[in-house]
Amino acid sequence: MSDAPKADAPKPAAGRAGTKRELPEHFKAYRHVWVVIECEHGIVHPVSLELLGEGRKLADKRGVELAGVVLAGDALTAAQVAAAAFEHGADLAYVVTDPILAHYRNESYTRAMTDLVNSYKPEILLLGATNLGRDLAGSVATTLLTGLTADCTELAIDDEGSLAATRPTFGGSLLCTIMTLNYRPQMATVRPRVMTLPERKPGRWGRIVEHPLNLTEADIITKVLRFVADRESDKAQLAYADIVVAGGLGLRSAENFQLVRSLAEVLGAEYGGSRPLVQKGWISADRQIGQTGKTIRPKLYIAAGISGAIQHRVGVEGADTIVAINTDPKAPIFEFAHLGVVADAIELLPALTRAFRAHLSVNRLAG
Amino acid sequence: MIEERFDAIVVGAGPSGNAAAYTMAKAGLKVLQLERGEYPGSKNVQGAILYADALEKIIPDFREDAPLERHVIEQRLWTMDNGSHVGMHYRSDDFNEERPNRYTIIRAQFDRWFSGRVREAGAVLLCETTVTELLRDTAGRVIGVRTDRGGGTAFADIVILGEGVNGLVGQRAGLRPELKPDTVALAVKEMHFLPRETIEARFNLKGNEGVVIEAMGTITDGMTGTGFIYTNQESISIGIGCIVSDFTESNRTPYGLLEAFKRHPSVQPLLEGSECKEYVAHLIPEGGYNAMPQLYGDGWIVVGDAGQFVNAVHREGSNLAMTTGRIAAETVVWLKRRREAMSKANLAEYQRRLAETFVMKDMKKYRKIPDFLHHNKHFFNLYPKLLSAAAQTWFRVDGVDKRTKEKQIFQSFRAGRKLTGLIGDAFKLARSWR
Amino acid sequence: MHIVVCLKQVPDSAQIRVHPVTNTIMRQGVPTIINPYDLFALEEALRLRDRLGGEVTALTMGPPMAEEALRKALTFGADRAVLLTDRAFAGSDTLATSYALSMALAKIGQAFGPTPIIFTGKQTIDGDTAQVGPGIAKRLGLNQLTYVARICDLDPDAGTISVERRAEGGVQVLETRMPVLITMLEGTNEMRRGSLDEAYRAARSQIVKWSAADAGITELAKCGLKGSPTIVKKVFAPQARAEKVQQIPVSDISTDALAANVMAAIFQKQPALEGDLLRFAAGQ
């Protein structure tokens, strides 16, 4: 949304948004929920599976089918990806297999997607908000001249059967629900870890619909010269960590961030921070936790000196246990934390590090 | 280097700099204005009160589109002890005039508006540009400035220093001594947001009427300083400050004082339910006339806070800033028209003109006050307590006859200060006041 | 080489507050800034210009006060600034925005010279959607390169460009032909400071102002609210969670005792976690 209207009190925005126009006739034929299954270098991105879980709920509410969209370079990959889709809830899979699709490129993937949409007409199309997903979603939405809502934190079907996509707005202070009432498909992207991974049902299978890619390599101008993989050690594994310790402005200085890392080390945890810390250069961007950083769902999340603005909240709400340490008893983080401690993180973090270290080593010695 | 030569370079886009740049640009001079902040007003902090009289003399029709909060119809002066206050209020419908006399404003918005007018008048403003030093010729005359941008020199006939209380450029150039901690106060301020209706109900206001509260007493914990509460349209500005040397000696912090001030039983109900959305700190010149540096020289003039132009007693500063800026500009224009050089001898005209205005007259009148307050801290501690106690004795109806009450009050003052002390204080205050 | 950079003026979201009572956004005094991600695009464009010669034009679609953002762009060293402003654009979502911008970009190409490279920032801090760049690319038929970390090679005569693009788990090195649309990743360069002379010239420059008509936009139905398939149904504050936080008492105990209580509370809520941690510690 580039220009959301001024927010009123929590009632629906008056005027245009309140009047629902009739869905144009030709869009009424659009049915079923699709999820693009993102796969690069043979690995299915977990976000696509998370979206299948969510897509399942939407499809059930609509009484329609759930489909996975598979774009692959060879038949084997296509089969593996389709299998993953079925095992996580898809009823059918639309498959486009062509060597041209072996590496992601905007032109080829956009063409394949728009072709599929125009041929089989889904009412809802979901993609993960990854670099690939975002690169692709904007092109597809613009080609189809339909609505796209990015980085949604919640998806639902409203009483009239339309997709209601909710996301933070105004820098994260509020949430807004966005709809595409008069165009199809209704498109939405969701960041990794926002939705829960559905249970895998091994051996579950569905229907496959194959579709050709109506392109030749000569048609595509962009070439992939090579792919350089990241070194393992460089990667922050925040998104899938079981325990995460994070720091915010309450730490008051870059030096104090070391206290977060020390506690994380004792717990074998990942560490991260809120957005202002990245802006100040105290931590690198890949360790930012929050709406525009990483969404995490750890078993334990310790937030030290973080105020808990909604921007941050939506990135951590899925954690099983949230422990908040903040000197301000009215800090928003206490509205969604499970355990609260009104204390100075600069004092408490080292104490916690000592306590855990002692407890874990004593018990280890004991046996 | 900027190839073009300017008639004047103005350092700073606060009230004094804007007043100067506007006046000169309107008179057709070529003006370059340099502001170190991201935008005009970003480095400025004030209560804030706008004095219409000073601004009318520069932009007569400012009311048309200047961002104004409330026009002041009531002034309250409070002396406070820890649990109560004795106040003097003046409210009059006379202040609901067609061209109100004082307004509360929000500096960030107001300065940007003022700056817009300055640019419309033809001055060129560069932000995020800090003047690092004054450039001089071999005779020692100031001929321009160097800035922190690449190739950052610019030349002009006169440099007007509206650089604010710190006055670093002037200091580095040897035009003034270093700022002394007993001539400047450190003040902190918060903005608390409340719905209009709440503000109007609590302060008994209609429409855009506003209230100003100036407070002193035990709120500054024995240090020389004052507090304030101003009503804006949808927020309340509340702040407190003390002389820096007093802070250094004591153990208190400005923020600690502000927290206590907000919790005071006379203040807390006014802020109830509000949300604090901004916290700023700033230095205020408090040295008065005796701390004023040399105001002009060959090729340079000082205006605004950089010249210590603050009336500590009446808490006026921005009007002095605008007036000194305007008069400095008028002096420059006058010299230009007569094709005279911007020499120290010629620029003495600036101080002569100032002497005829309220600016110098008020500064001179109160020149003994800073020293007086410094050596009479009991005005901030003892007297407010005595006053409060006296008031309670006086107003409490408890069967004690009035004559006994009067005696009690008198005795409490004598016990507190002794007769000699009381008389001495009266004398000293009268002398410093005149 | 004529390069265009699309910039957006946004409220400094770090300073946006929600009114505690009425739930409205308090824009009062919230300063506006150039979307920080766009600055990386602008700096990259300026570097290319310095290397290869040519001009950089900055383009912004916004209300009249977006002029400030463009003036800043000029201060950084852009050669020209165009403000696309019209009431018809109010309420535009990303589809309507990409339409208006692409029309303006086409017009810029006609008026000031062909544009082989158009830059945008990765996303905006107020919208966060990253959709407008790809939208523009699609409408103008530009080859699209997003999340670019580095421009490796550029051959103006052959019309080719190769870049490093950030993908999942690594970097794609892509080569394509101009005209291209590039969205720059953050942290790829450091914004320069314009010289005093550049700042001075910028302050005195005229910013080109275009209405929808000036930009050649005739189909107003594609702009503003009318041209936006997405609509905001409602805006609301997040619900307070039903289950209240369990506050661990902090008064009158030492920090170490508090830490011990916090640890105990964590293990009480997550008994399995203690086992996991012990196993982890054992393995250390």
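As written, the chains take the letters A, B and C, and residue 1 is the first residue of each chain.
Keep this in mind: a residue touches a chain if its C-beta (ideal position, glycine included) is under 8 Å from a C-beta of that chain, and two chains touch if they have at least 3 such contacts.
What you see is a predicted model; the values in this text were computed from it and never measured.
*Asks:* If you tally C-beta pairs in contact for every chain pair, which pair wins? Let me know.
*Replies:* If you count contacting C-beta pairs, the leading pair is A-C.
*Asks:* Quick check for you: compute each chain's CA centroid and the global CA centroid, then name the chain with the smallest gap between them.
*Replies:* Looking at where each chain's C-alpha mean falls, the closest to the middle is C.
*Asks:* Please compute the C-alpha centroid of chain A, do the same for chain C, then give the distance between them in whole Å.
*Replies:* Once rounded, the distance between the two centres reads 19 Å.
*Asks:* Using mean C-alpha positions as chain centres, tell me how far chain A is from chain B in Å, no decimals.
*Replies:* Result: the chain centres lie 52 Å from each other.
*Asks:* Taking the mean of the CA coordinates per chain, how far is chain B from chain C in Å?
*Replies:* The computed centroid separation for chain B versus chain C comes out at 40 Å.
*Asks:* Would you mind listing the residues of chain C that make contact with two or more other chains?
*Replies:* 17, 22
*Asks:* Give the list of chain B residues in touch with chain C in this complex.
*Replies:* 1-4, 32, 38-39, 42, 106, 108-109, 124-126, 128-129, 147, 149-154, 193, 195, 234-235, 273-275, 277
*Asks:* Over in the complex, which chain C residues touch chain A? Could you list them?
*Replies:* Interface residues on chain C, with respect to chain A: 8, 11, 13-14, 16-18, 22-25, 89-95, 97-98, 123-135, 137-139, 143-147, 162, 164-177, 186-187, 225, 228-238, 240-241, 243, 245-248, 250, 255-256, 258-260, 262-263, 265-266, 269-270, 272-273, 276-278, 280-282, 284.
*Asks:* Note which residues of chain A are touching chain C in the complex, please.
*Replies:* My answer: residues 1-13, 16-17, 38, 40-41, 43, 45, 103-107, 110, 130-132, 134-135, 137-139, 141-143, 145-151, 164, 169-183, 221-230, 235, 242-243, 267-268, 276, 279, 285, 291-292, 299-300, 310, 313, 320-321, 323-324, 334-343, 347-348, 351-352, 354-356, 359-361, 363-364.
*Asks:* So in the complex, the part of chain C that touches chain B is made up of which residues?
*Replies:* Residues 17, 19-22, 26, 28-29, 31, 68, 75, 193-197, 199-200, 203-204 of chain C touch chain B in their complex.
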